[in-house]
Amino acid sequence: MLNIGVFVCWCGSNIAATVDIDQVVAAAKIQPGVVFATDYQYMCSEAGQKIMRNAVLEHKLDGVVICACSPRMHEATFRKNAEKSGLNPFMVEIANIREHVSWIHKDKAVGTVKAIALVNAAIAKVSLNAPLISGESSVTKRALVIGGGIAGLQTALDIAEAGFEVDVVEKLPTIGGNMAKIDKTFPTLDCAACILTPKMVDAASHENIELITYSEVESVKGFVGSFKATIRKKARYVDEVACTGCGVCMAKCPSKKSLNEFNCGLNNRPSVYIPFAQAIPNVAVIDPQSCIKLTRDKCGLCQTVCEAKAIDFTQKDELIEREYGAIVVATGFQPIKVDKFDELGYSQNKDVITSLELERLMNAAGPTGGKLQKVSDGSHPHDIVFIQCVGSRDCTARGKNYCSKICCMYTTKHAMLIRDKYPDINVTVFYIDIRTAGKNYDEFYRRAAEDYGVTYIKGQVGKVYEEDGFLVVQGSDLISNEQIKIKADMVVLAAAIEADPSAKKVASMLTASIDTNNFLTEAHAKLRPVESPTAGIFLSGVCQGPKDIPETVAQAGAAASKVIGLLVKNKLVTNPCVAIADEMLCSGCSNCFNICPYGAIGYEEKLVNDHGIRETRRLAVVNPALCQGCGACSVACPSGAMDLLGFTNKQIMAEVDAICKK
Amino acid sequence: MQGLEKKIKDRASELLQSGAVDGIIGWEKGQFEYDPTPAVFTKETGLDNLCYNNFCGANLSKYLVGKITSDKKFAVLLKPCDTYSMNQLITEHRVNRSNIYIIGIGCNGHLNVEKIKAQGISGITAVSASDDHVNISTIYGDSKLAKKEILLGKCEVCRGNVHVIFDELIGEELQTPKPDDRFEMVAKLEAMTAEERFKFWQGELSRCIRCNACRNACPACTCRVCVFDNGRSGIEAKANASEFEEQMFHIIRAFHVAARCTDCGECSRVCPENIPLHLLNRKYVKDINEFYGDYQAGDIAEQRNPLVNFGDDDIEPTTVSDKGGQK
Amino acid sequence: MIYSYYPGCTLKTQAKELDIYARRSLDVLGIKMEELADWQCCGGVYPIAKDEIATKLSSVRTLNQARELGRPLITLCSACHHVLTRVNNDMRTDKNTRDKVNTYSKFDTPYEGETDVIHFLQLLRDVVGFDNLKAKVVNPLKGRKVGAYYGCLLLRPSAELAFDDPENPTIIEDFIKAIGATPVIYSHRNECCGGYIAVTDKGQASRNVDKIIDSAKNKGCDELVTACPLCMYNVAANAGEGKEITIKYFTELLAEALGVK
Amino acid sequence: MQEVKEFKPNIVAFCCNWCSYAGADLAGSSRLSYPAEVKIIRVPCSGRVNPMFILKAFEKGADGVIICGCHPGDCHYNTGNFYARRRMALLYSMLDFMGIEKGRTRVEWVSAAEGAKFANVMNKFTSDIIELGECVKLGDIRCKD
Amino acid sequence: MHKNNLKEEIIRISGASPNKCMKCGKCSATCPSFNEMEIAPHMFVDMVIKGRVEQLVMSDATNHCLSCFACVERCPRGVEPAHIIEAIRVIKLRQSGAPQITPAQIASVIDTEIPQQALVSAFRKFRK
């Protein structure tokens, strides 16, 4: 029998306040195998760890149970500590008496009873633990970044600068993402294009970066250090190398009625097009939905006029297979559709627009050349009303629960820019709260109100309707407790932002977890904000939650540094909790082989000596470098020949036993 | 039947004589007409005792499992239903196909001597059967019984006269019995209240003496070491220490053969306590068909069974337990 | 298929037109609708308070009758539709209401919201189809600029009524198009007329109605159509001086277009 | 006065390490309470849960056993929960077929972000088990004191 | 009734969740009776949260809510202000037993065109 030591952590008052520590220690002491039990205020502190190390040496412990917070938090810490004291790290088990006990059970007696049960289960398990030795796996020194917006580009550039190769996969024909549509940035009002386009060019020209545009990652297999991705490069119908981006095809294309996505549908584009002037790659793409040649096999004019002979109607989707050591998700966001909020009249009035549409209307490269005008008739507006929180902080089916975080600031930016350029325009903002947490943000908002004369009204809008050629905005003014009506020429809705629809599929493919709003979950909200819980998957930008540009860039850099930290290693230590087949028990039936998602199980004809009978049998053999330790095979095995180290049948049943003992 | 037996013997003799096989797995005459037992014939002379009569219900495919590492080649006599088990064994690499010569033999249903005895008939000396009727000669005189009444349970739900795998066929023209609905009894149990079902199974399983005959006869139970004999499994037990263990043994056994069981009925045939164990397996067959689409274990070699497979929109366990049996 | 029909109190008296023209039109459209044998008042207003059970009973009796016939239940009056739909929804989703109502009612089988309550307009849209309706029109109402007046009860709360987009409905406009007239969209078509407030405060009803009429006229409506006797009454009787506008039940226009008025 | 002993069920929850165990941690850090009768055993994946564990739990005195895993399609190991879903569907059906109360076993998919769902699921499951009472059909003769 | 009990009673009868209110004012921005009510819908919600319910019970504002559900439809938090107002009206009627309308009053308002339904509804709303 092992010599087991039990260490109960108070976690300050986090555990001690609702669990009777003394009772837990006393109960542990009488468990079979336990030779030492003690408690300490913070087991995870250096002093706490030292107590454990000393006890291991003094009491010759060969099994340790830490009763503290979740193993997801500090299992690694205590395993490392065990190693320091000469104990195999896998001889440590954690009883989670914080998240699963003290934080949820207010009654101390109840909490103590449950804590003791969990501690007993951990003791029962650890007495069946066996030392495990970690193996090693190699690292492919190449990273994949999914998404070519500012987040993905920043991450890619930082990784590339460190000397590693990076592929950026972008689903649209050009990189740049949402930021490419923006005119100015807050709170400095500098030109977005002047910040972004040089980064786009840097990425395109960097020797370590390959941009794979108009492409989507179709499947990912493998694990940290050695992922295998299949990327679908969609047919552009244009030879990317031959095309010079001269634009003649665009000018000649007779099918010009497709909505221009880049301008939020505010104007049209031809079927063969370059998304915008600074697009990278600066080559054309053909929209197969509207192209006359591709839909009806007529026309083909672009092919005739193209001097570079770049048009190729026979092009097919192409599948690219690549190996990577790390993957970064940077799938970004999109504004939600606001036609579900039609009391605000978006689908009934052309002059009710979203903020991103306003952004295009104010952009020098936009459909109006930067001239702010009404969408309905092109006339100059005199009164513009902004409505905040359209779909944000909205817990009904049509909205999003969360604060979209960026709208208060960009609306202030819009208001200020309008007042600056067109002092004759009155700007009113209906808001619930103005949220300006950020360096120089509140100052920016106050400037808009104080220096630029933007009117801020605390209250929401109930209805927007047209009357006598004006829009009437009927809203609450909560400060004066009135229902007010304001005439406006344009109404701008601050639509909530949501995770890009591709995020869900990408997360699923990478087995990275996702929250109820389709934002990817970080490994730890505070300590590991740019890592996914799945090793080797990192998060950059809004795919993790709403962020503005500075935050996105900061997080993108952080994700890059995590990737670099991984790629710089030559070997990774693998999880030794892998499946193992007992040669004496295996029947060679292939159930486990059929079920293994990693192809980690193979068969060998092996000579065995079974109680004196020597014969050659077909036996399952687990490749520990490939096995990820899910244990599905151990259940598929009817004889119990296949077991999972660290979570053996006996160990789990011992836990069950300990818990069910009344 | 007698003609068929002769043909089989002749062929067996040929195979042994030519050295094409080293042994024949078949049935050996017993003391009585109704108790032939599985046997391996390695010498031509022994073939006199080879028999194929109305009581050769036993599924011989499992006897090949023990020969997997042997370098000898064996011929095996398989009725149509037995070939499903053989196919499943091949799929699971539990037999060595290259060392097996499969003789598919015709079948027109096999009889359950217990059912005959239950009719008050004893001292049986000879039995001859037509498609519908069975003439039984006893030391007390002759009687005639409807065949349907005394068929083996598995023959009542006969799956037909097709051999899904074979090297040669003998007597394949025989007419197999017309099957009843094999899920009738399962459906009947499902329609009971939970309380009634519990009582039913309690009554049946409490008779279990844990003799392991079901396990030994089952052509799907071929683990080198059974989980109940595996000291590392956490559930090892030689005998039932409690009613719970009876339930557990049979649930686990049924679960371990689920999606692999060809529904051959051997478990119930060999049970000395006449526990209808096949109903547990058949419940799984029915559930699998309903949940994941019709599936017959062993009809095609090398297919993935539904438990080592999945669909994106499979039925949720919660739906299953919320719905449960009727009532 | 035969549909059960629930007219409600007002359709037998002040709102006879709503009822009569609907029946005549359905004959032309070839749809059979049978009035429930002994229907009761829906209750007039939906009992919002969670602890009001008794006031839901009469609606449940009606719904249960329809269930026993095994037919969907057609309504015409917006208020009846609102009350029946929501009570039905409570019977489906609210265990407390369901248990109490059933304990009290002692139906042979407890009622659990099995009946489908369908408004006549939904019948036209989803069963007849506006395209088919258009084909049956003999007297298209060409040139008439008709505003759809939805009011509140048909549309809200949309989670329960599930009738149309509550902020930008199209069903009556599509209907108007089908009978050959020109629909006019105006902002206050989904605002409340004041409803029963006319009984206690005519002034308030009048102020509400005026806003609606102003909005309709502003957009060029010559006449309004409604499905609601309350809307009809308030617009017809309580409009301010000089504000009056023609308002008809939508079934009247339907009958006119089908040539059975 | 007769003392009425309140029934405290014994509930075992098998939670996969990646989603549901993390979901339970989130319930903890969000201070979302659920009955203390629920005790969690961490397994790498819902696909690791062997029917034997469930039966063993009942044998040893559990009144309810619940398995929580990642949502189908989101399994950390790609497919583990798909297999678990099939295994448990069949096992639960069999338990019901043998007359065991069908509410005693359950599978719920709880992601790492669904702390509230975890607490709700456990509250609901516990109240269901309390309604069913002590499990006597499975483990009839187990030691009671 | 103690005011805290009254608050609980309002929440129970309405089935609404006033605590979900984020004080955006959308209910009052939307209400067609805003100018008819001395206490606006958002204030109803706020005052219930703060327990200032006696003032609400006293007010005539409840009698001017049309139960048109515009606030319920548009509230981004699912607070259901109309249900809260209705609960207060119901409590008021139950407490006082004094109907807001009597048959005697009807004669003066009735006209030849008034639909039955208006009378039924009004009696349902304003009497117990």
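Which chain is which? They are A, B, C, D and E, in the order written, and residues in each are numbered from 1.
Keep this in mind: a contact is a pair of C-beta atoms (placed from the backbone, for glycine too) under 8 Å apart; a residue touches a chain by one contact, two chains touch by 3 or more.
The structure displayed is predicted, hence computed values, not measured ones.
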{"item": "Most distant chain from chain E by Cα centroid", "value": "B"}
{"item": "Between A-D and A-C, the pair with more C-beta contacts", "value": "A-D"}
{"item": "Farthest chain (mean CA position) relative to chain C", "value": "B"}
{"item": "Centre-of-Cα separation between chain D and chain A, whole angstrom", "value": "29"}
{"item": "Chain D and chain E, separation of their C-alpha mean positions in angstrom", "value": "45"}
{"item": "Rounded Å distance, chain A centre to chain B centre (Cα mean)", "value": "54"}
{"item": "For chain C, residues contacting two or more additional chains", "value": "167"}
{"item": "Per-residue multi-chain contacts in chain D, two or more chains", "value": "51-52, 56, 73, 79, 83, 87"}
{"item": "Contacts with two or more other chains, residues of chain B listed in rising order", "value": "227, 233-235, 307-309"}
{"item": "In contact (per the touch rule at the top): chain pairs", "value": "A-B, A-C, A-D, A-E, B-D, C-E"}
{"item": "In the complex with chain E, residue positions of chain C that touch it", "value": "8-10, 13-15, 41, 43-52, 55, 77, 79, 152-153, 155-158, 166-167, 191-192, 194-202, 204, 207-208, 211, 229-230, 232-233, 236-237"}
{"item": "Chain D contact footprint on chain B (complex, rising order)", "value": "186, 189-190, 194-202, 227, 233-235, 242-245, 247-248, 251-252, 254-255, 258, 280, 283-284, 287-288, 291-292, 306-312, 314-322, 324-325"}
{"item": "Interface residues, chain A side, partner chain C - complex", "value": "339, 341-343, 347-348, 397, 463, 465-468, 472"}
{"item": "Interfacial residue positions of chain C with respect to chain A in the complex", "value": "159, 165, 167-168, 185, 187-188, 215, 218"}
{"item": "Chain D - residues contacting chain A, complex", "value": "10, 12, 17-19, 21-22, 24-25, 27-29, 31-34, 36, 39-45, 47-53, 56-57, 60-62, 70, 73-80, 83-84, 87, 111-114, 119, 145"}
